[in-house]
Structures are given as C-alpha cells and as structure tokens.
C-alpha cells in the first residue's frame, strides 16, 4: 500500500487544526468561530463517512494503516489503523461531534444556555481538541499514542464542564476529571507493564498482540487495565463520576461525553485488555460480568428515582454501558457484536437525549422533572424526538437500541444464562423510567407556570441570579420562558441523530457488516470461552 | 598521646551540643552561635584527620581555612539578616517570625 | 403470492411515512392516503386468502437481516399460510372499517393526521406481526404494535389519565414481553434458529427436551398473556380505553390483543409438545374469562364493560387453545374480532353522540340511534353466544372442546362466564338503549354514514361468520383437520343460561323489578370486590409504588451515600490528612531544624536496616 | 608527651563545657563570652596539634572577627536579650533526644571504625606551607571564595543599608 | 591544568564584575538591567557552544557532558529569571546592581557545583550559591515575610552546611581524600568504614535539604512564599537542579559503589517527598507556597530517577528537570506577572484571569498540566521516562505511587485552573504584558510544548552525555 491518502491522520488533523484555528480568532467573532467549528467537525464527519465507505469489510484486520516512527528509542511510533470496531466508533464520533457542534452553536446564541456564559472561542477550541483525542484513541495502533489521545480526550472535560456547566459544576468536573485520571493511571500502569513484560521494547499493538503474555501476568494485569478503562466506561462501582458529570455538563459536552467518551473506555477494554490479555479475559470475565449486571439493573433502578432529568439520562447511561460491558465480558462473537453495536447505538441515542435535555432546559430553565409537564403541546418536535430516543433506550425494535440489546442478551445468554435474564429485567425497568419521564415532561396538563408567567422579560443578570437559586429546588416563580417548538437549528442535528437511530435499527447490517469480521478475529484471538 | 577516636568523640559531642543549641535557642543569635560550634567541630575533625591519616597531607587543614573564611562571610550575612529581622519584627526570638506556616 | 404479502406491508408503511412527512398539514389528504393504503392491503389480503383457499399451502419468503456467526443469523421474511391469511383479513378488514369510521368519529380532532399516521403504522406493524415467519420478527412487530397502542392510547396525551393509561399499557405488556424475549433467546440458543417452520421440524424430530419446550412455551405464553391481557397482566386493557374508541375497537378488541392468541396459535406445536404448557394456558384462560366476566358485571363505563368483556373473551380463546380446541379458539378470535369491533364502534357512536362514557347518563337511545342500536344488539347477541350469531358457533365450540377434553371445572367456569357475558351485555343494552331517557349533556343523534356503514358491515359479519366454521377448520388446519367434537346438549345449556341471564338483566335494568341498588347493598361485599376489580390494580400499585420505588429509592440512597460517599470519603480523607500534615509545618524555624536532624537520624537508621 | 594529652583533655573539657554554656546560658552576653572560650579552646587544640597557622587564623578571624560581630549584635539587640525572657523554645525534649541520637550515631560509627593509626602525630604547619597548599592545589576554591566574599559583602551591605526609599 | 575549561565560569564572573562596576558607575539602573539580561543571554548562548570536556585543577573541576547540560540549564534559568525580574526591579530598583550580582554569583555557584570534583570546591560553590540565596530571599527588606524567609533560609541553610561539613570531615577521615575520584577509589577497596556511612548520611541530608526532599523540605514553602517572586522562581529551578547535579555526581562517582543501598534510600525519600509534597499542596491558599509544595513533589519524581542509578534513570531525571525548568518557570512567570498586577499572591487572586489575559491563562494551564504530567507536554515525558526506568529497575511500587500521586497533583493544579477559568472575578480589566514578559513566557512555553512534542533530541542528548559520564 503505497502512500494512499492518510484519511485517519486527516480526520485527526481536521479537528485539531480546527481547534487551533479557533484559538487564533478574536473572541468576539462568534459566527466565524462557529463556522470554523462547524466546518472542522463536518470535515471530520465527512472523512469518517469516506473511510466507512472505502473500508473493505471482506478483508480481515486493520486497514488504512499509517506508520511514522516517533520515539524509536522507546519503541513509540505514530501508528494508525482501523478495524471494524474502531470504524464504528469513528463514525459515531463524527456524528456526535458534528451534531454537538451544531447544538452548541445554537446554544451560544444570545440568551442561550451557553450564550449566557459566553467565551465560545475557548469552548469550541477545547471541544475540538477533545475530539481529536477521541478520534485518536479509536485509530491508534500504538499503545502509547492510545494513551496520549486518551488523556487529551479526558482533560479538556474539566474546563468544559467547569466553565459552561450548570449546577454543582465545579465539584462534578473535578470528580469526573480525577476519577478519569485515576483510571488513566491504571491504564498507564497496565500499558507500561505490557511494554516491559513483553521485552519487545515497543508499544506497537501488533507486536504486543503477537506476544503471548504469561498467564500469571495476565491474571494480574487484566483487571488493572479493565478497571482503568472500565472507570471511563462507567463500570459499577466506579461510575459515580458519570451522573454528576453528565448532569452538570453543557449539552454538547454531555453528548460527547456520554455518547463517545464512555465508549473510549469500552473500546480500550476491547483493544487493550481483551486483545492483549486473552487469558486474563477468560479468567476474569465471569466476575466482571456480575458487576455489569449490577450496572444494568442498579443503574436502571437508580435512574427511576431521579428527580433531575439529566440524572435520569446519566444513570440510564450507566445502565446502558452495563449492557456494553456485559457484551464484552461475555466474550463471544454475538455478544461482542452486540457490545460494539450498543456502543454505537447508545452513543447516538444518548447524544440525542442530551441534546434534547439541553433544548428542554433552555425552554423551561429547570431540570426538575416534577416542574415540567405537557410540553408536547408547545414543542411537539422535541416530544417526538424524545420519544424516539426513549424508545431506542428501552430497546424498541426498529431502533438501533433493540439490535444492540438483543445481540448482547443472546450472546450473554450463551455465556451466563442467569445473568442474561437479570440483564433483561433491567430492560423492563428501563421502560418504566423512560416512559415515566416522557409522560411527566411532555404529556399531561401543561404545567401552570409556562402559561402564566411566560411573558415577563428580564435582564440576563436577574435571570441568572434567579436561575442559580433555582437549580435543584422545586418552588420557583416567574422566569421567562422561551417556549416553542425546536428551531431549525435544533431540528437538524436532532433529525440526523434520529435518522441514524432508525437506520441502524432497520438496517443493522450496515454496521455489523464491518464490525463482525473484527469481532470474529478478536474472539478468535481470545479463543472463545463461551 | 590522645587517640583519634577520643578526639573524634569529643568533636562529635561538640557537634551534638551545637545541634542542640540550634534546636533550642530561642534567640536567633544563639542559633548563630551554635552553628559556629558545629562548624568548629567539623574543623577540628578535619585537623584531627589530617594529623592522623597522613601528616604530609595538608588538604584538611586548608579546608579549615576555607571554612573559617566562609563562616565569616556567613556570619556577616547572618547578622545582616538578623538586623533586618530586628527591624521588621522588633524582636529576634525565633517564635516571633512565623508569619508563614502551614 | 409473496409479492402480495410484501405489498400488504408496504401500503401502510408508505402511508405512515407519507402522512408523517408529506401530508401532515392536510387532514383530508392524510385520511385518504391512510384509508386507500389499508384498502389496498385489504384487497391484497383477499387475493391471498382466495388463492390459498383454492390451493392451500404454506409459502415462505426469507431474507437475511443481519448475521454474526454461522448458526446465528437473523432473518426477515413472510410465512403465508391459512392461519396468517385469515388473520390478515381480520386485521386489514377491521382496520379498514375502523379507519372509515374514524373519518366521522375523529372529525375535528386536533391530532387528526397524527391519528391516521399512527393507525397506518399500527396496521403495518400488526400485519408484519401476522406475516412474520420467525419468532424474532414477530417480537419486533409485537413491540411495534405495543408502541402504536401506546401512542394511540395516549392520543389525548394532555389528559393525564390517558398518558398514564398509555404508559401502563406499555409497561405491563413489556413485563410479558420480557418472557417472550427470554423465550426467543433460549430457543435460538438451543436450536440456532428463530424460524417457525424450522423449529417445528426440530420439535417434531424430537431435538428438544420436553422440559425445555415447556419452559419456552410458558415464557412465550407470558408474552402472549401480556399482549392478550390474561390474568395477571390484564390490568392495562381496561385503562387503555382512554384512547379514542375506534382505537379501542381496532387495537384493544379486534387485532392487537388477539396477537397473544395468534402467537400461541403460531407456536401451537410447542404447547402441544409440552402438554404442561397447554394445561397452564387452559387454566389461566378459563380463570381470566371468568374473572374478567365477573368484573364486567358491575362496571358503569360502557367502554370498560366492553374492555373487561374483551379480557374475558380472550380468556375464552386461550381456554379454547388450551383444551386442545385449536380451531375453536382461533375461530373465536375471528368472530370475536368482528362482533367486538362492532360493539366498540357502536359504543363509540353512542359516545360520539352523548359525550360521556357512563351508561347511567345514557338511556332510551334506541329511538334516536336506530342503526347503532340494532347493530349493537347484534353484537351483544353474538358476544353472548346466542344462536344463530357467529359467537354461538365459536364459543360453544370452545365449551364443547373443554367438556370433552375432560376439563370439567374449566368447562363450568366457561359456562358461568357465558352467563355473565349475556347478563352484562343485556345490562348495557337495556340501560343504554331501552331505558328511559336521561338528560345528559349531549344531544343524541344518529351518527353519520361513514360511521354507521362500517357498523352494518361488521354486524353482517357478526351474524354470518358462524357459517364459515366448518370450512374454516379444514382450511386452517389443512390435512390435520378433524377430531373436533360436536354436540347439541352443551350449546343448548349455554344458550339457555344466557337467555336466563338476559332475562334477569331485563328484569333488573329494564323493568326494574329488582332494584340494582338493593342488590348492590345486599351483596355489598362481593359487589365491592367486583367494583374494585378484585383489587388487582391496588396490588400492582402497591408493588410498584411501595416495593419497586422503595427499592429504587434504596438503590439511589446507596449510590449517593455509599458508592459515591466512599469516593467523597476518600477525597475528604486525603484533604483531612493534608490538613493534619499541614499542622506539622508550624512556621517555627527550629521546628524545621528538628525535622532536618530527626530526618538525618531516620536516614541513618534506614541505611542501617538496609545494610 | 603525657602533658600534651592532658592539655588536650583540658582544652577539650573547656571547649565542651563552655559550649554547653553557650547553648544553655540564660544571658546571651554570657553565651557569647562562653563561645569565645570555646573557640579559644579550639584554637588551643589546633596549636597542640601543630596547626599553628590555623590557630592564628582561628583567633584572628573567629574570635577577632566573627565573635566580636556576634557580641556586637547581642548588645545591639540587648534589651530583648534579657534573661527574664525564656531563652529556649518549647521543643527541648525532642531536641535533646535528637542531639543525643546524633551523638550516639556518630560515637557508634567512630568506635566501630578501624583507623589505620589511632594516634595523632602533631606536625607543625607553617603559614607558608599552608599558603603554598592553597595556591598549588586549591586555587579554584580560593578564587570562588573571593567571589563568595564579594557576594556576602554586597549582600550584607545591602541588607544592613538604610531603607530610604519605599 | 587547563583553565580554558572554565570559560563559562570566567565569563560569568566577568559579568558579575561588569554589573558591579556598572552599578557603581552608572546612575541608570536601566542600563544595569539590560546589561544583566543581555549578559545572561550571552552566557547562556555561550554555554550552548562551549562543549569542551576534561578535568582541571587536578580533578577539582570536571567538565563533562552532564555538567555542561546542567550549566546550560542554570544559565537559561538565570536568563529567564533576569527577564522576569525586570518588572520587579522597576518597582524595587534601588538595589538592581546588588540583585543581579547576587543572582549571578548564585548562578556561578551552581555552575561550579555542577563541575566540582572535590569537596572543597563543592563546599565553596554550595556556600556561594547559598549565601547569595539567603540575601536574595530577604531582598525586599521592607516586607516582613521577605525578611522572615531570608532568616529562616539562612538558619536552616547554616545548619545544613554544618552537617555537610561534618559529614565531609568524616568522609575525608574515612577515605583520606577530598577528591571524588580518590574517595571512590578508597571506598571501593575493601569494606566501607562506618564513619564513612555516617558522613555520607550527613552529606545526603545536606543535599536533600537543597533539593527539598522530605523531611528536609520544610523551608521551601516559607521561603518561596516570603521571597520575591522572581527569586522564588530562581530557587525553585536553580537551587534544586544544582542540588541534583551534585547528588548525581557524588553518588555516581564518589560513592559509586554504594549504589544499591542509596538506591533504596532514595526510593524511600522520593516516596515520602511525593506524598508529602502532593498532599500539602492541596490546602494551600497562597500560590507561591503552593508552588513550593508542588516543587517538592516534583523533586520527589526526580529522586525516583536517581534511585535507579542507571544510565536511563539518570537521563530521565535530567530530562525531567529540564522539563521542570520550562514548566515551572512558565508558572512562576505567570505568578510574577499576576502578582505585580493584582498585588497579591493568593490563589483567589487568580479568579477570572482567563478573561483578563487569555495568554497568561493558557500559559498557566500548559505549565501546570505539564507539571501534572499530562501528555503531550514535556512534563509527561519526564514522568514517562522516569516511570519506564523505575519499572525496569524493579521499583514498580514507586511507579504506582507516583502515578497515583500524579492524580492528586492534577487535582490541586486544577484547583488553581478552576480559579483562572471558571470562577468569575469582579475585576475584568485586561492585563497587558511587557515585551520581556512575553518573551520569557514564550521561551518557556516553547520549551514546554516543543520538548513535549519532540522529546527525542533532548533526551538523546542527555542520554549520551550521561552515558559518557557513567563510563
């Protein structure tokens, strides 16, 4: 393969350069900033689609390989390549960042959620740099670079949540960052251990994957790496950063975080822990599988009891990531197919959710579910979109969520029949809380304060002062409500996400076609326990 | 003749006394004096070793000369700092200048 | 043939999409699109039906949907055989009539186009369910009809009761679906396929153990029980009456609720092979029939009476299947579809006129709504199983089968249920149509033709379908037909009982020879229980509100305070340690010096240890 | 040379006792004087070992320079060097323990060490010899010391200078 | 005796003289300032070209790859600090000449320290460094805190010097030599006498004091807080590095055959240092004090490299220090600039900095993240190299601790960045930077980023010089 166009590097470059370019734009040129961000993320998405199109699903292994030695003394090289699993994630990231940028651009409008805080330049720059990291993880074939990109993906989160978040944002941001840094500490330990124990003096994934580590080594280090990545994937009981973090983050950040970043964890488990330490995987999978069930059922149960809309979604993410992790720990082709599919499905679905929550919040200025009601009258589009998201979340056939959950359950059933049944109960509980939320927010009588006090105009300061008091409290009076249905700027990204949800639900082969060979190869490597 | 060990132990005692002084003297000047004791114990050590090891070796003794020179410089600077403290705090007790802690 | 089957599906989904994306703004166009689509489907179904009647057989079409490993590939496809072709007719027919009826009923409704688009989606889903050639596909459409049911029950979503009912319907059926899903997974695990025909072959080849099949069958029945509102998952159906009445007629009487029965019929070989599962179905069916019938006796909401009646009749069908009367049970599904749809539409017509659901606010409508009243009468008689309506044939076939298969207790329950049925239908009919006029808000008037014509058509079916019973059995069962029991005594007894009940109802409610209030007072205890529907709802409310929500609250508490608390605890501990250590930094220079000297001693000791 | 031995003992005793006085005396001025005694004793020991040049430097620089400077400082800050004020801080116990530990460590090390010769042979080193040694082998530190002294000078003057501005 | 090896030292001495004379003769402090900046830049540039190696003064002065690298770093430090001091000196300009004289003599002490091959030179160089530092700490005479810092530093420094001297005397007595090579030869022949151990312990303690290893670190926060900010910046990098330079040399040449023992000792010290430094940084409210603890923690990481006592270990330590120089000076640069604008050094004073000066905020962000070890900044590679080496040498537990504590360090660095980026401030007037401030920050940032993205050339350079040094 002689010097074909470096698509993967181009994807990385488009978002990185976009981020850097934005930093150079004066802060007050809002529309230019938004434009650059939009173009940059669109290029990423377009290139991801091109890669998706050019990817040859009939060939096993990695494609679009690029390699450039970087620190030869340490055996580090800039090595990119992608298989079906990475490709699914690449596409997901492309979709979510593009829609996320659109949503943020909307929210940065005068009086919008982000507009009140301002500083779009920093926001978009950090967002794009973060996404560079995300893309990077998915395409890296060098453990060092994987780690590097991982860190880049994690850290900007702190400021993104801290500055533009809501509620107890600083606490949440700090908790999230530290927790994830802790995870990355585990990962670093694991990677270094892999690096040294192999004695190959290289971080090259290929080289390491051909080396067979001793069983003892694998039993020790598999859980370290698993937990390290698992933290980001919301593995119980290391998940508590996620509800707080997602609840506090601005829409686009939640979209990206719950939608894509949590997948980094699952992806890391697949790419590093599973692929490099198959014996450890077999040894530990049953134990971790139990944790994932806790994730699923417990996450759903806790979600049921939340009063804050974002917390509901956040805990549902915990629950859904449990499905991903269950699929992974079941260690067979069907379950892993399902896991990857769920990663994709959940990514899109949760992105939609968080976009919607942002839109709802932008209208009601409260996230307390009890204070909403009857919004479907005012914002039918949001109601429909939310319903579709919710239905995907509860695994309704015809949405991507169904295919994913079904595959995982089928696969998990082959490995752990009882656990799979337990996981299926989680799906029932999901129905309860999703519908409950849907009903309380959108159906029923229109909540009185949207009608009576909607017309008052207030200054921004007054607004934020009131707003600050209000978060988390239920009694509130007199805030301006910019009700109404979704604007076009909101509709487009949401429609894209809905389209993806439905498409993947109706035509799952589109994605499974590329994922499946990669998974088969992976399971072949593990040797298939179940 | 007195043995090397005896002398060394005596010097060590001087060293320990100096350290005790540094640790307990509440007056800053007292600490400076104690430091001089420590220096002297080291100087004595050098001389003792020079005499004990190789009478033709002079480096130890030269070292002592340097130490004395440095001690003089250090004392000068130390006292200058001491006056500075005195000027600022109107006191030179060590527990008076502890604005910074934690 | 299969091309036709495809078309059947394509018309409604195209209609759904067209209404959603194109004609949403225009009410006329939307309803026209929807109705013409379902009409085309109806025509296609008829074509299929007739061609199958000419040359019976089973046609299957398959295409891969997605694949993972060999031995686990998921297919989509159609299975067109007599069983499904009949069901297709029912679905498209009732759907068509209901849609026409809705032109009148839903006129001026805010969500008119939304209604039609969802009805189209429902038709699509229901037809997909019927045509499915494998369990997974059936499950998919099964869930989709559930979704449509949810959406249509919640049509007037700003009414909290409607929104609640929709949610309840979805969640309760989903409990059953949980079993369905597990069954699918289990059977695919054991057989490697979802396909009905392949599974049937495997069963026949004895590839599966009886216990396994029993488990699978029971799990499937759990799904069926949820959809078909069998005890104890019946509670959603009465509440589902919050939806528009045509929806109740279509979904919650004729088609979707029968999907459970259809599922059992589709996988009947599993139940037969298991045996135990069949017994369970029979028992639950009989119990549900009796149980719901008894509740229906005291309901005042016309739609709720019909709803409990539906539950009861679905129980009948299950009973029929359970006691081995495959044709009887399935045929009852068909006839029931016609007369229950009729009854609902009739009720809708009344409600449309009166703007109330309470039978005690109606009265003497016979004169003002002749067509409605007459068709309603036909429906009632059919439901009561009186000769010569269709209900007579199907219902008595079930009773006969129950009796002859030796399930005497179930037979008696069935018989009693028949009596109940006759009583409550008579009660409704007398109160609504024949009693003296009551001054209610509405101005009773006959409904427009778009509404009455479907009534008449359905009434004709309710009357005449019974004569199809003979050919039906052989058509559906094919070569395996026969072995059905016949008799004259049982129908006589049941009809006599029904007539007696009607007489009693006539006496109480029409002539008011016996005061209904006095009866209620006399039998206050049973009356209360019935009025409160055996407190099943309360029991569930307890389970959900007290148990589930408390568990959830506990989980939340645990998460916030223990899991997250320990995280915060570590954080606080670190900070606390830092603050404590900070105390060592006293700001006293000699303290620092002591640290240096002490440190020196420590280093020396350390080196000593190391050396 | 028995006398030498006892003279050394005498000087040592004087050195230690006066050093103890330096660190314990309540009056800072007494402390300073005792420091003088201690330094003189050190000079005596130097002398006994034949390090005449060192002894001279000790007396001239240490006693004549440093000690005088210190005493000067004591007098300047006299009013607070009153013996009525506590002259030791509150960490006496730990300080004592630490210094004893240090002493113990050093003594133990010294006792355990095998010296090539355990005796001291005094040798007279003249100023010329010492000077030669400095300029032959230690020119670099010598030059460095000159910079050091310059720096110290600059620093001390700056520190001691009046603060006019500000 | 090749005096040409001392070119750098001579040039620097010349510079000291020049400053001294200029200050006396010229009435303009401005000329002195620019002369100092230009001069330090000149010496730094000279250091990049003077790569002559060899011994002088019979081994008292050693010029080798390691010392040359350190010298360049010291001079860079001096140059950047000179630039950063300009603002400070404009306000406190009376003693400009003295200030630079002291800074440069301190730097000269560092240079000599890095090259010293014998105890006397070592001692004198150390005192040269120290005495200048004491005065510099107390430079703001009118400030109580500054005086206090100077006095505390001086007292503890004198104690440490005393211990060092006593230790040297014992080593001298045990080995009969003042030259490192002689000591090494003596120690490697036969058993090590106990007094040598005692002496080494005392020397280690004295040097640990300079590099601020726990429990000899306590002066650091007080001195950093009290000393003028540019001076604190100067110490935080220069003094620490000088201490490490001499420790490396001592332990690899003079006490070379005790490696295995002091390896573990260093490991223990580094563990204590990392823990205490990181933990105590958490509750700080004064940014300089905070940086003091942070620098303690950083020193702990460098000590890991020393504990390994291998080529890679030492090279990693040196690389780490180089990275630390850039990142720490960036941070201090920001602290100096902000401190001069808001008249305060509380962390709360940094609220809303992002609005007031995006550049400063970004600089602080990058530098603190680099200190926290976030890729792809130079600090990350420092840590990576250190951890890699420690892993190789069986200090996996230390790596685990280090990694864990890096997380803690991220926490407190983020606490500062939280003020900068998140907490709003009532004062939103923009902060304007002078040319010198921009220049110095840009140089440091370039180093932090540049050596982060391309660490290889620097690391290779260090590696090769360390390899030569160890042979």
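Should a chain be cited, it is by its letter among A, B, C, D and E, assigned in written order, with residues numbered from 1 in that chain.
Here, contacts are C-beta pairs under 8 Å (C-beta built on N, C-alpha and C of every residue); 3 or more make two chains touch, one makes a residue touch a chain.
Just so we're clear, the structure is a prediction, and the values are computed from it rather than from any experiment.
Novice: Go through the assembly and pull out the chains touching subunit C as well as subunit E.
Specialist: Chains touching both subunit C and subunit E: A, B, D.
Novice: For the chain pair with the highest number of C-beta contact pairs, give its two chain identifiers.
Specialist: Maximum number of inter-chain contact pairs occurs for B-D.
Novice: Which chain is the middle one, judged by CA centres?
Specialist: That would be A.
Novice: Mind checking the centre-to-centre distance between subunit B and subunit C? Centres are C-alpha means, answer in whole Å.
Specialist: That gives a centre separation of 96 Å.
Novice: Can you check how far apart subunit A and subunit B are, centre to centre, with Cα atoms defining each centre and the answer in Å?
Specialist: Spacing between the chain centres: roughly 65 Å.
Novice: How many angstrom lie between the CA centroids of subunit B and subunit E, rounded to a whole number?
Specialist: The answer is 26 Å.
Novice: Between subunit B and subunit D, what is the separation of their C-alpha centroids in Å?
Specialist: 6
Novice: Would you pick out the residues of subunit E that each touch at least 2 other chains?
Specialist: 120, 123-124, 127, 131, 134-135, 138, 141-142, 150-152, 155, 159, 163, 170, 195, 197-198, 221-222, 283
Novice: If you look at subunit B, which of its residues touch at least two other chains?
Specialist: Subunit B, residues with two or more chain partners: 8, 15, 18-19, 22-25, 31-32, 43, 48, 52-53, 59, 62, 66, 70, 73-74, 77, 80-82, 84, 87, 94-95, 97-102.
Novice: Can you list the residues of subunit A that touch 2 or more other chains?
Specialist: 178
Novice: What chain pairs are in touch here?
Specialist: Here the touching chain pairs work out to A-C, A-E, B-C, B-D, B-E, C-D, C-E, D-E.
Novice: Mind pulling up the subunit A residues that touch subunit C in the complex?
Specialist: It comes out as residues 175, 178-179, 236-237, 239-241, 244, 298, 301-302, 304-306, 333-334, 337, 374, 376-377, 391, 394, 396-398, 402-403, 406-407, 409-410, 413-414, 420-421, 424-425, 427-428, 431-432, 435-436, 438-439, 442-446, 508-509, 512, 516, 519-520.
Novice: Tell me, which parts of subunit D touch subunit B in their complex?
Specialist: So the residues of subunit D touching subunit B come out as 1, 4-5, 8-9, 12, 15-16, 19-20, 22-23, 28, 31-32, 35, 38-39, 42, 45-46, 49-51, 53-54, 57-58, 61-62, 65-66, 69-70, 72-74, 76-77, 80-81, 85-89, 91-92, 94-96, 98-100, 102-103, 106-107, 110-111, 113, 115-123, 125, 129-130, 133-134, 137-138, 141-142, 145, 148-149, 152-153, 155-157, 159-160, 163.
Novice: What does subunit A use to touch subunit E in their complex?
Specialist: 27, 70-74, 119, 122, 147-148, 151-152, 155, 158-159, 162-163, 169-170, 174, 177-178, 181-182, 185, 188-189, 192-193, 195-196
Novice: Give the list of subunit E residues in touch with subunit A in this complex.
Specialist: Contacts found on subunit E: 354, 358, 369, 374-376, 380, 387-388, 391-392, 396, 399-400, 403-404, 406-407, 410-411, 414-415, 417-418, 421-422, 455-456, 459-460, 463.
Novice: In their shared complex, at which residues does subunit E touch subunit B?
Specialist: 119-120, 123-124, 127, 131, 134-135, 138, 141-145, 147-152, 154-155, 158-159, 161-163, 165-166, 168-170, 172-173, 176, 178, 195, 221-222, 225-226, 283-284, 289
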